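Got a structure for you, written out below as structure tokens; questions coming shortly.
Chain nomenclature is as follows: A, B, C, D, E, F, G and H, assigned in order of appearance, with residue numbering initiated at 1 for each chain independently.
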Amino acid sequence: MKTFYGVSLPNPLMLGTAQYPSPAILAEAFRASNASVATVSLRREKGAGHDFWRLIQDLGVRVLPNTAGCHTVKEAVTTAQMAREVFETNWIKLEVIGHTDTLQPDPFALVEAAQILAEDGFEVFPYTTDDLVVAERLVEAGCQVLMPWGAPIGSGLGLSNVYALRTLRAHFPDIPLVIDAGLGLPSQAAAAMEMGYDGILLNTAVAKAGDPPAMARAFALAIEAGALAHGADPMEPRDMAAPSTPVVGKAWLA
Amino acid sequence: MKIILNGEPRDVAVQTLAALVDDAGFSERKIATAVNGDFVPAPARQDIELSEGDRIEIVSPMQGG
Amino acid sequence: MKTFYGVSLPNPLMLGTAQYPSPAILAEAFRASNASVATVSLRREKGAGHDFWRLIQDLGVRVLPNTAGCHTVKEAVTTAQMAREVFETNWIKLEVIGHTDTLQPDPFALVEAAQILAEDGFEVFPYTTDDLVVAERLVEAGCQVLMPWGAPIGSGLGLSNVYALRTLRAHFPDIPLVIDAGLGLPSQAAAAMEMGYDGILLNTAVAKAGDPPAMARAFALAIEAGALAHGADPMEPRDMAAPSTPVVGKAWLA
Amino acid sequence: MKIILNGEPRDVAVQTLAALVDDAGFSERKIATAVNGDFVPAPARQDIELSEGDRIEIVSPMQGG
Amino acid sequence: MKTFYGVSLPNPLMLGTAQYPSPAILAEAFRASNASVATVSLRREKGAGHDFWRLIQDLGVRVLPNTAGCHTVKEAVTTAQMAREVFETNWIKLEVIGHTDTLQPDPFALVEAAQILAEDGFEVFPYTTDDLVVAERLVEAGCQVLMPWGAPIGSGLGLSNVYALRTLRAHFPDIPLVIDAGLGLPSQAAAAMEMGYDGILLNTAVAKAGDPPAMARAFALAIEAGALAHGADPMEPRDMAAPSTPVVGKAWLA
Amino acid sequence: MKTFYGVSLPNPLMLGTAQYPSPAILAEAFRASNASVATVSLRREKGAGHDFWRLIQDLGVRVLPNTAGCHTVKEAVTTAQMAREVFETNWIKLEVIGHTDTLQPDPFALVEAAQILAEDGFEVFPYTTDDLVVAERLVEAGCQVLMPWGAPIGSGLGLSNVYALRTLRAHFPDIPLVIDAGLGLPSQAAAAMEMGYDGILLNTAVAKAGDPPAMARAFALAIEAGALAHGADPMEPRDMAAPSTPVVGKAWLA
Amino acid sequence: MKIILNGEPRDVAVQTLAALVDDAGFSERKIATAVNGDFVPAPARQDIELSEGDRIEIVSPMQGG
Amino acid sequence: MKIILNGEPRDVAVQTLAALVDDAGFSERKIATAVNGDFVPAPARQDIELSEGDRIEIVSPMQGG
């Protein structure tokens, strides 16, 4: 099983920590799903930071700080540096937003920032598109994990371009691939894992569900299901039907 | 001296970034700092002399997706 | 939670017993998935019947005999009667095949046979299409469960007509609906459960997988995931993106 | 008397369905029977007189989907 | 090219006559599309019938009366008989509605009515589902044309079950197949024709468009396009890319 | 109607000139489709160039030279310069291939080359992905036309990411958008035009069809159909059915 | 005599369906008729005696999809 | 002098690119030229002195997609 910068995760679900009705429900969602990674951010200290940090530490999971909301290389790099000091980890979920409506990555700034951070010793988890060439540049820049989007952040649309996601999987057999953003339902996460993806990063679909812990658990189960199915060598779909019950030995009852 | 702390204008008496962090009562907190867009590691804060109009950012852990 | 003729099933997965590499693997697939129902058939006795029956009994699950391969009302009714005597259950998975290439149900013979069997005290599980009017006739005929196909038996194509399946669900809020036949991957089963379906009946996708027990478990997990998600009130998908990480308080690092 | 048992022609001496089941050695088995397409419950087998050309089906549990 | 009860249509588009902003726009839509058939109905005479009939006659197209709104065999048969007298044609678009929400055909009543009408000398155009077995019954009942729905009447959803529609085409190579109802856009009509369908029957998508004549013409062109493509033996889609411009002879400009 | 660098095209179909069974069939395909633009390339002179050029000139269409097969900025720029001299046009279809399997554009080299060529007075038609940010960079670099791919060149897969293509259209209301590569069937071209695209560039789907002229004409008709439909304000699809034939005045025939 | 014509109660003096059609001024119109749910061809209208409570339908061409 | 013309080694006597084009019999043809990866416009060909090992490309119109 692939490792994330040498770390093997007990559970391929990475869960965001924003938008929950309450801190208690956030914690319950992590317990219910056994998510192994929590994404966090840095914001201007207004007093709440301390308690939130205590909450996250109590989850007993790995922390993956993000550079959410950064639109330039410099912003992203400085934010990453601050995150490394605060969260004491080299892991960074690198977001460099290229467009406000789609919140899609800016491939140009992303590759540049990834290069700077990788050289500076960071272990970069780039939030990227499903573009194969951009993915290759990120790997050349030093990324050992890729996190293509399924659809725009918070849209819940699922996997917009299955063809491109398959292509990525085929071209990077040894790089851990995580679907980051855009999923709305567990069946979509299962489908990604069935395609051979190595993990799923979620936030809105869980936090904005009516029952976040139940939805978190639903995603965790679907992810496990998809991974199992991928390993179990599924049947090939075919256009014609074929009886499951044996035909031989059927009684003649006309 | 007038600076901008986390986006708000402030008139401060302190000389160094370290002092500002103390003054703001953040010294015990889990925070990181940047001056005019550049990261300043904790140990370096005491060596950073503030100047008129500096943009200081003091950030701490927050929810993220 | 809905019951199947008064019986509540601990697990919404119904698993077929045909096409496995070996009886041992069949048994392992049931253990791995905790499937609550096993479908079986009747064939001309050649000596193997006894051992197979012992195997099924050891699974400790409910048995759902089928009328697989029957093309006429009479064949189906006689087969059902023989099944009731042998398996000592009123449950019958009613298949009346209308076409050899698609193995699709014959709506006309199906409704007629369902009526006869229901009047004769059978508890009929009709393998039907996704046709709303046929479904209404089956309910009028006395069926308290409906089992629409997802796609042709053994095709592994998944849910061919999501629109029709949604319509069925909307029109029969109180009738247990089970997707019977056509699924190839767990994500498809999860999607059906997310739509509010009450169970999944499978055979080929599990038996013909490289690792049937793993695939059986994968389906069971996906089904649980889909059911949980359906109950957790999923977010509405939307076309525009929306940031998960809060925008307020972002540092100004230009 | 010539009958067809499970699709194969058979020449049998027995008179009843019950006797045929015995004769075929199925009496202890988990089986069900039909004659000329009609179900015959176990208790009724002894009352069923076989006639020339009858189609007898004797079935038992088998794999199914 | 297939004929409709011996009549070859110059244009595979059949157009409805309801819901247009005005009679003038209706007429313009027929002119713009060269539709070869107009569907009409019978309603209680309130004085408008005469002018409408004049309008239709002036279109110079074949008339296909329908039994729209009929829910029983008797209603449909009586309506067909009245239509034959009024419109002086043996053609009848047989609709027997099975459900008010979906306006889907009632397969049972449909087959029964088709049989009665065929025996009475009608040339039946049955509005049916995409069910193969029902289709076979209709052909046995004497229908020499089949009109499966694409989606519910007036929904504009397009082709809900491409798999089933392909299956119908494959099983009835010699029977004219017309997609009746559910289309919203010309690309959907083109897709049906590319699959080898023989005609398209439309109403709402044209009448409710902002510019009905333009939309009518758009459908006519798309239908012609799809038919041409079907006859032109399209390339097989493939997963890998292949250069169109020759690679040989490329200059070396490194 | 939008212009392509000040030129309004009588027909939004741009047709490739490669892979045809014969020059005669190529010419016939252009005649049958009235394509308004022919794409061409430059290859090492082996004697055939002259006749081919004569053939193209006789088509009486605009010529759009490409930089097919170029993998670097320099190759693409030099090829464009040679093309401008030979074909005496500032138009250039800029291809900078980023990956040999998918033949997808290299977004980085593409933007760089576009900038150089635009500054040098070229009118650049960039073959790009469906990435919004890359598209913005191309426009900033001076491109006044964008040509996103539908799917990999020669795959015939159609529109792999409808969501992304819609997003592009929404963000560039005034820039001519042309689907370049990946289409296999006319219905796909119609769908792109229905979304508001301004043109279609094709080659393999026509040249590799059994009857290229018929397929070329089929695409031309489908494109016209899609454009008409886009302008005719299509109905909104809806989940419920709605009768087309009026309900009022229906006879009571029970 | 009270009948129901196209869904509305009517008190009519006429005896036959043909007369009713005349009376309603439809004789020249492109119409078809049904009585109590059964089709009545034009030639047969004069032979159809109306009775109390008959449901008469007189229909004509209309828009259809 | 040895050069590479359209990917093939050639031993040529001519001095200029223009002469090479003539020599190859392309002067009347619809062609464009590049030397060592750089475009050489037609008018400039006569000023381009060839040197040992130069990579010369002479291209003409061809099918394209």
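Annotations for the structure displayed:
What we mean here is this: a contact is a pair of C-beta atoms (placed from the backbone, for glycine too) under 8 Å apart; a residue touches a chain by one contact, two chains touch by 3 or more.
Predicted, not measured: the structure shown is a model, and the values here were computed from it.
The set of chains touching chain E and also touching chain H is given as F.
More C-beta pairs in contact connect the chains of C-D than those of the other pair, out of A-D and C-D.
Of all chains, the one whose Cα centroid sits at the greatest distance from that of chain A is G. Chain H has its Cα centroid 33 Å from the Cα centroid of chain F. Here the CA centre of chain C is 46 Å from the CA centre of chain F. Centre-to-centre separation between chain C and chain E, using Cα means, comes to 34 Å. Averaging Cα coordinates per chain places chain D and chain F 72 Å apart.
Chain contacts: chain F has residues 16, 18-19, 41-44, 66, 68, 74-75, 78, 82, 101-102, 104, 153, 157, 163, 181, 203-204, 239, 243-246, 249, 251, 253-254 touching two or more partner chains.
Chain contacts: chain G has residues 6-7, 34, 37, 57, 59, 62-65 touching two or more partner chains. Those residues of chain B that touch chain A in the shared complex are 6-7, 26, 29-34, 37-39, 41-42, 57-65. Of all residues in chain C, only 243-246, 249, 251-254 touch chain B in the complex they form.
Residue ranges on chain A touching chain F, taken from their complex, read 98-99, 101-102, 104-108, 111, 129, 131-134, 136-137, 151, 157, 160-161, 163-164, 167, 171. Across the complex, chain C meets chain A through its residues 16, 18-19, 41-44, 46, 66, 68-70, 72, 74-75, 78-79, 82, 101-104, 152-158, 181, 184-188, 190-191, 194, 203-205, 207-212, 214-215, 217-222, 224-226, 228-229, 231-251, 253-254. Residue ranges on chain F touching chain H, taken from their complex, read 16-20, 39-45, 48-50, 52-53, 56, 65-66, 68, 74-75, 78, 81-83, 85-87, 153, 181, 203-204.
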